[in-house]
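The two complexes that follow have subunit A in common; it is paired with subunit B in the first and with subunit C in the second.
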Partner chain A sequence: MSLTLQNVSRVVDGETWINEVNLSLEPGSFNVLLGRTLSGKTTLMRLMAGLDRPSKGKILMNGVDVTGVPVRDRNISMVYQQFINYPNLTVYENIASPLRLAKMSDSEIDRRVRETAEMLRIDPFLDRLPLQLSGGQQQRTAMARALVKDSQIILFDEPLVNLDYKLREELRQELRALFKARNCIAVYATTEPNEALALGGNTAVLHEGRLLQMGPTSQVYHQPKDIITAEMFSEPPINVVPGHVSNDEVTFDDTVHFRLNNDLRSLSPGNYQFGVRASHIGLVPHSDDDLELPVRVDLAEISGSETFLHVHNPHFDLVLHLSGVHEYQVDQNIKVYFPTHKLYAFDAQGQMVHSPARMREQ
Partner chain B sequence: MTQATTTQHNRSKSILTEQAPVVSIADRKAKNATLRGRIGLIVYVVLLLLPIYWLVNMSFKTNTEILSGLSFFPQDFTFANYAKIFGDPTWYMGYVNSIFYVSMNMVISLVVALPAAYAFSRYKFVGDKHMFFWLLSNRMAPPAVFLLPFFQLYSSVGLFDTHIAVALAHCLFNVPLAVWILEGFMSGVPREIDETAYIDGYTFPRFFVKIFIPLIRSGIGVTAFFCFMFSWVELLLARTLTSVEAKPIAAIMTRTVSASGMDWGLLAAAGVLTILPGMLVIYFVRNHVAKGFALGRV
Partner chain C sequence: MQTKVENNKAWFLVMPVFLIVAFSAIIPLMTVVNYSVQDIFDPYTRYFVGTEWFKQVMLDSRLHEALLRQFIYSFTILAIEVPLGICVALMMPTKGRGASLALILVAIPLLIPWNVVGTIWQIFGRADIGLFGAFMAEIGVDYNYASNTTDAWLTVILMDVWHWTPLVALLCYSGLRAIPEVYYQAARIDQASRWAVFRHIQLPKLTNVLIIGVLLRFMDSFMIYTEPFVLTGGGPGSSTTFLSQSLVQQAIGQFDIGPAAAFSLVYFLIILLVCWVFYTTIMNMQKDK
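For the complex of A and B:
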């Protein structure tokens, strides 16, 4: 069972919410839709589900056009960001509801409901009403209802956003395990790059209704096609520094320049935007060709055992992601080390023209 | 370590108990405030219920006693007034008629308003907001405006003096109100529940009856109550559109005025019986009405 979107657009009140998306999802795959709020993740999912109709384009399931087929006649499940259950039915009946409508025998329903509930560890609460449960348990109930039937597509629309951190980690791991055994298409929308990385599988990056890049998660992470994807798929966002490449040198500004190394040799002279991940800049040099950069501290954001150090020099701002606690005064002058062999280069249109050699191998 | 803390704890406890009982000023003030509040409420309720008490009081008195002067309790306790109402079909049929058309009106209003309210709450269509307001503005017109058209229309189609005539006429006022109230309750149900139901495989009618209606139970209760209230107390249309067969109790009550004077006791008894159904209905929907108030739609 594969799902294919062909040139799918959705226009609402003259505003384009989804713009010419082409996408193909394979059975047994776990797909993450990554994008900021308003990037069109939910809209795209609703189109996949058949809750909304695309203004243009086709949706194929197994090669069969299902564009106008109502959601009831497609075999899908969906879990929303809000905890959506039928408040007037018990947890048991909530989970059983799709099976009851499929006219399954009572014994089969009972077996499946108990099995799924056990899997999601809500079996002690089957007789309660959803509102008598905690948020995590409510969302598990919604998930159980989505998983109990053998749907071909399971859509998760930021299901863990409204849960606390600990629960989120826990459920995320469980989810991955649950899907390993299934041969259905799972689609999971999230705004968090780290969540996409943790979930693995494939990642599709959405921005302003457009699909920027789709591929195996690590590939998208290490080989972002353009600057927006690179910015979106890193937390904190990748640092972007404008620079100029001449025949033998890279110049960031009058004072900062370095010789073209082997890695960057292939770049033709011209103006580029250089991207460097926040975690790659260090306070001590890691290799001989690291560039020493005098900067001024704007803010040291200490979150637990990590520090996000915001610094600037006269021409650009940088964010450093450091492990450990590093305290600095505002406006303190320090030196940071810039890894010249870990640079991404983007051309004037924002397309990636170079990625670090080390990353290309992965 | 644990033991040490326990003894410490016990010691501090004993110190506390040894001290003389302290009544704080704040406590005393709070007590006074509750007392004042109670007195205020009692006075308010007494004032509020006085007329109703007087009505009940009168209904157990004879006419001579009512006219002879002030008495707080019936001196000459009698059930004669009630006996007269329950013994005379022309009297008690008034109640039957009223209840009949009021129930009919409640059912029609709900059956019509439920789908309409669902449409207003879930779909966007051209002029939906204007239509919603227009519906409500129907309620602003005084019933008397519609009196003549209704009378003429019903007479010509042979609906005059039937229960359905009154029930339909009252729908003009009750359906907009019902749509308004129900829409509020329906919009409180997340749209995702509808979608989840479709994803699970519900058809629309099945979803509506099995999932949706139970979710807006209180809304339906509140709506039914308001339809009842309007239809039950509305006199003008009900009286004009009926003559014998469907005559409402309020119209029959005017019979207590005769050439020989007013039958006060009988009128009071009829009044008491008129209040009873309302009290019953209110008892059943009291919790739901509170919810409706919270939604700001009632």
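For the complex of A and C:
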């Protein structure tokens, strides 16, 4: 069972919500839709589900055109950000509801409901009403409802957003494991780059209704096609510094120079935007060609065992992602080390023209 | 530690509420209690009679009949108005100009004063000058609310349904609007039928507004006075004489203030009791779930 979107667009009241998306999802694949709020994730899912019709383009399932087929006649499931269950039915009946509609025999229903409930670890609560459960259990019930029937496509629309951090991690891992054994297409929308990385599989990056890049998650992460993808697919967003490449050196904002190293030698002279990940800038040099940069501290965000250090020099701002707790005073002058061999370079149009060597090998 | 400042300022804040409740409820009620235990001939000649009026009221067969009529009436209109109101609410458009138009149209009967409603239906049902009466005569139905008991009941019930179904409909409409769109979407994906959507999504979400709607309609219909008074005057005979009309006949018609006061108290207690039973039953039903 494969799902293909061909030049799919959706225009609502003159506004383009989805713009010429081409996408092909393979059976048994786990696909993450990554994008900020309003990037079109939910709209795209609604199109995949058949809840809405595309304004242009075709949707194919196994090569068969299903563009106009309503959701009722497609075999799909969906899990939402809100915990959607039938409020007056027990957990058991909630999970059984799709099977009852499919006119399955009682013994078969019972077997499947118990199996799915066990898988999602809600089997002790089968006789309760959804509102008597915690948020995590309510969402597990909703997931069980989606998983119990053999859907060909299962859509998750930011299902873990309303749960607390611990539960989110737990459910995310289970979810990934659940899908390993299945041969259906899973689509999972999220705004968080880290969630996409944790889930693995494939990632499609959406921005303002356009599909920027689609591929195996780690490949998209390490080889972002353009600057927007790079910014969206890292948390905190990748640092971008404008710079100039001449015959033998690289200049950042006319003030910071370093010799063109082997890594960057392939770039022809001209102006570029250089990207460097927040976790790659350090407080101590890691190699000889690290560039020492005097900066001033704006803010040190300390969250548990990590510190996000916001600094600036007269020309640009940087964010550092450091492990451990580092306390700094505002306006303190410090030195940070810029890894010149871990730079991404983007051309004037924002397309990536160079990525760090180590990343390329992966 | 900070020491607590103690003063009596709180009394000033509680006082207005206390005064309003006293004047609006406690004092009038106590006046009625006062009347109910006395035989009053004129402001200066009155005798304490204890529970005599209460005994008389409880044994009065005319009142028993009125009470029975009252229950039949109230339950009939509830049985019609609640399902009908839900249906109307489900059919009302939710978006665009149609929605506002439907809201206004549905709300119109609610804006008409009770006695006007009575007058409208009195004229509407007359065979000589009323549209409805003339129509019935035209198609050969012998319809006369002034002389036929069944017709009188039919008209009184029809009138109430016309007047008050919009209230139930509007309450349900607001309840339905409060259901997030994703529920319907989820149901569509589940391939749920229209009935399943109603039974498992809409009805459970409507329970709370329906409780309020049923309570309001019950209390209101149990106290109905003006419309049947204008339409039939309680007739033919006493076939549409409900409790409040009997009460008025007794208190103002015959000026039997003592028995009328005792009657009002019993009347009040009946309403209170029925509402309490109703409310606790529903609340327990919800808790059991």
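The criterion applied here is as follows: the second predicted complex is superposed on the first by the 362 of 362 C-alpha atoms of A that agree within 3 Å, B and C clash if a C-alpha of one lies under 4 Å from a C-alpha of the other, contacts with A are read in each partner's own complex, and residues count from 1 in each chain.
Just so we're on the same page, contacts are C-beta pairs under 8 Å (C-beta built on N, C-alpha and C of every residue); 3 or more make two chains touch, one makes a residue touch a chain.
Just so you know, these numbers come straight off a predicted model, no measurement behind them.
**Student:** Is this a clash or a fit when subunit B and subunit C both end up on subunit A?
**Tutor:** Verdict on subunit A: clash between subunit B and subunit C.
**Student:** Regarding the shared-chain residue A:Leu51, is it in contact with subunit B (first), subunit C (second), both, or neither?
**Tutor:** both
**Student:** Touching A:Gln6 in the superposition: subunit B (first), subunit C (second), both, neither?
**Tutor:** Neither: A:Gln6 stays clear of subunit B and subunit C.
**Student:** Would you check which partner chain A:Arg72 touches, where first means subunit B only, second means subunit C only, and both and neither mean what they say?
**Tutor:** Both partners.
**Student:** Given the touch rule stated above, what does A:Leu129 touch, subunit B (first), subunit C (second), both, or neither?
**Tutor:** So A:Leu129 only meets subunit C here.
**Student:** So the two structures are superposed on chain A. Out of 2-10, 20-28 or 38-46, which stretch of subunit B collides with subunit C?
**Tutor:** Of the stretches 2-10, 20-28 or 38-46 of subunit B, only 38-46 runs into subunit C after superposition.
**Student:** Between subunit B and subunit C, which residues of subunit A are contacted by each of them?
**Tutor:** Shared contact residues on subunit A: 49, 51, 71-72, 76-78, 80, 82, 84, 86-89, 97-98, 101-102, 145.
**Student:** Considering the complex alone, what residue numbers of subunit A touch subunit B?
**Tutor:** Its residues touching subunit B are 49, 51, 70-72, 76-78, 80, 82, 84-89, 97-98, 101-102, 142, 145.
**Student:** If we count contacts the way the header does, which residues on subunit C are in touch with subunit A in the complex?
**Tutor:** Those in contact with subunit A are residues 180, 182-183, 185-186, 188-193, 196, 200-201, 203-205, 289.
**Student:** Taking the complex as given, what residues does subunit B use to touch subunit A?
**Tutor:** For this pair, the touching residues of subunit B are 190, 192-193, 195-203, 211, 214-215.
**Student:** Give the list of subunit A residues in touch with subunit C in this complex.
**Tutor:** Going by the criterion above, the answer is residues 49, 51, 71-72, 76-78, 80, 82, 84, 86-89, 97-98, 101-102, 129, 145.
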